[in-house]
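The structure follows.
Chain naming follows the written order as A, B, C and D, and within any one chain the residues start at number 1.
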């Protein structure tokens, strides 16, 4: 059973999607470490170090994702956890925006996969399974 | 009391606006000859000849205005009634269209004033009074 | 008059088919074979039956452009993107007036300019095979929607062309849609259409028939449109039609609208039963607001949604959907699909809560019942229970009188106005056969409003009401 | 605890104002002079009073961007184009968490990049003078809308800045908006805010207070949000607030929603009266659907319109409006105005027909009344009628329990689900102080649905319900 860390980054309190993601990952057979809402970059990293998780699923709904995620990939690399899969999804930026721009922006911050608003979490889990097989 | 001929051109049966236009013109002190719906170009011309009207208010709602109004201005000129004011309003073409295009098209057909969808008839009457003073 | 004798019908047919060259491609036996090949999922009567049973409200747009390929693409978009449950083919205005030569000009010009210059699909000019190509290319049932006083040839071609429902009637497609048509002739021509549908029925093919409910779409009190719908249902049943959808155009006051749809179904069944047509499948259609729309699209969405909500809460079998482009012109495929999507959101969100009732609704139902009975009893008496004669004499006498109708055979004496709560009432009764008590109900309700507004009920009030919805209100209060 | 003593309050004030440099520009006397200069047409309490009297439902958007000029332009657009009756200033999430340094980064970056990188207006960083420039530039009343657990400094600055209404409360801005905040502290901090409003009131300035009704916006049963709203109303009244707007987030079943708004007003008054606060002006606010929205804009318009219609029929004093961009992100000015226009079309079209009632509505009102009484009586008993203590102990004991809340001080035992008609019921009661009879009402209603769907009530059903509206339905049926 692979371990996945999940949480909602920054000062974001949107809790509903987070609870469903936990449920869906468990249904799919993962071991889930749910940090809940209002999670800092460092808390995500600490949890990965502590639990030896293979992937992190970050959610950001409230629009400050762009400010909250800066340097996240580097932080993981510097700590020696560059191999951990970083996924992010939610309403990542402020306002209705062309998603391809958003994807580029967040990939540049070190995320391996970036998902548009209202993405089906089960599809995200399918991608995760594939990526975990590859890595 | 100036006489104005009104009617709805072509195979168009939209009767509601026509009734209101008659009422508004009468309120404004005009003598109104209302040909009702489904009026042909020739019927408009005949009514003008018969009543010595100074202006014609054509309505077209149903979308075939472009086909129905072709040659209308010429018909009036050829009959020696080129001095009669030709106004048109309603939903002149099919579909939501940039009005400036529509205006050019109908002016080319000989209309002196062209009004966009849902125009306030009382504003049309104001223009008519001005134009009648000038002519 | 009873059911038209087969020989009479067939003799007339021969003439009808000659009116335009495409008529010669209609062969009844072959048409019936083709109709038999249409699966239940694409047959109006079956889909309506299922919806009625499951208490679902189906959604249907209006749509029609000049050329077949473009028209098919448009319908596909409405089916796939708009999730329409039922599809229309709206016929252009030239065809509606049997002006096939002008329709041909429109077709040719449309080909030349690359955009549709007709406000609908000229099905007669296109003929049977092209109609079938529509039906073959789609997954949901197809209906002809028009406004044609003499729709005999159109019916021949489109039913042979695989359409499974046909809108209209000798009254509802005359009074709001013409100027000089004789009611006698249009009713007779529509008896032909009904007889044709009856013929298909005899051969095991059920075609849905839908009298056009909203009439002029402008402040028509429910009792007047109900009277017309019921007369046309009787006329259709007489010719052998077994699947009838009666309609009503939203007035805007929800209690009145819900009551209207519910009483429409009850009253139609009552009269059909009374004359022995108890095997007719009766369903209802609710038309989203048919009067002038707001120009602003966001406001238009509000009107569309309100119509959708009322349709479901009323329990209508289907709802005819408007688009956010309504005030401007024939909608683009996208705008049309958007109207459908707004509507579907509401039909789906509300379908589990459609058992609303209230004393207000009950009171409106009682009122509509009494009014409609008053009109129909007087009308049927006048024609000695001959439905065609009753209708003709009823209009002649002004016993039925449709507000704002262009037709000269309509008395044009009745004037409606909204009451203080927005329900449509009558302020000039003309020759409507209402008792004084009944008239006083209307007068009292209008007085309540007049007093609140500090003015008399007048034509200016009616004009204010006509404009109101397009200006963002329901009741046209003075400013 | 009773009303905070003036000296205690003033001593605390001195500390509060030090938290960020802009605090030093707040001077109470001068602020009161400024507030006195605000005309009635721009004062929340006056405009609400008039609407309540005339039974109008006012419309109000959410809106906030990082920079003052842009924010003013946005509000002007919503006022002029969207015809908003009341305007908001939505505060950004950093300010809500008193992270003024990060808010400043957001401001600076927004200036640099030329677009708003904050999800709201950082009023604390901008300070009193810039707040006043908003008020001076607008024609309608302004309210602060946020989600701030410790909103003391924000209140000082914005009330001095001319805002005439302040949303929030020690419970409603803790439970859905935080993770580790102590309820004791947030309630105490909000008593400060209420005391500040009470101070203004003593000086003749009436500030409207609005507990945040929808909480998590996700399947919150009316009795739970009502209990919170009433506790916060009592807390506010205790500190001298005299104008309170209690709120509720649409659940989607119309009978339940109408009953919720009506009972909310009655229950709030009942409890205020019981504790001697019978001079409080109570109004209601209805929030259009607060859960996940459909992505498609046409569908979103449907949801918005349904909320607008329900708000009016329920007789809410105002309705908070969503935009067609809701599922994506903070709306553009245009999208926001569009939501307003759809809403206004319906509030205007329906205002004359808002006297609906039905046995269904009556039954829901009875149910909500009984549930809310059960909760509040138990809670008040636990705190010996000390409202703050009651709330704290009530949450501790799980007597009040908000579904899907992130706060650790929330029991998180209650799970809601929709019944067969879409009304929100409770399937896991946790420690809610309901009698067995009351619980059985819920169980029976949920069983009815479970049976119809051929499955048990389960977390999967809850998830289906959470997604349902965004997928175009109300009840999350299995597919």
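Here is the rule we use: contacts are C-beta pairs under 8 Å (C-beta built on N, C-alpha and C of every residue); 3 or more make two chains touch, one makes a residue touch a chain.
What you see is a predicted model, and the numbers here were worked out from it, not measured in a lab.
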Between chain A and chain B, the fewest steps along chains that touch one another: 3
Geometric centre distance via CA averages, chain C-chain B, whole Å: 30
Cα-centroid distance, chain A relative to chain C, in whole angstrom: 54
Distance from the mean Cα position of chain D to that of chain C, given in whole angstrom: 45
Touch relationships between chains, expressed as pairs: A-D, B-C, C-D
Chain A residues within the chain D interface of the complex: 10-13, 15-16, 19-20, 23, 36-38, 62-64, 66-67, 91, 93-97, 117-118
Touch list for chain C against partner chain D, complex: 252-255, 294, 296-299, 301-306, 308-309, 337-346, 348-350, 352-353, 355-360, 420-422, 469, 472-475
Touch list for chain D against partner chain A, complex: 92-94, 96-97, 99, 102, 105-106, 109, 115-119, 147, 176-179, 216, 218, 291-292, 295, 325, 327-332, 335, 404-406, 459, 463, 466, 470
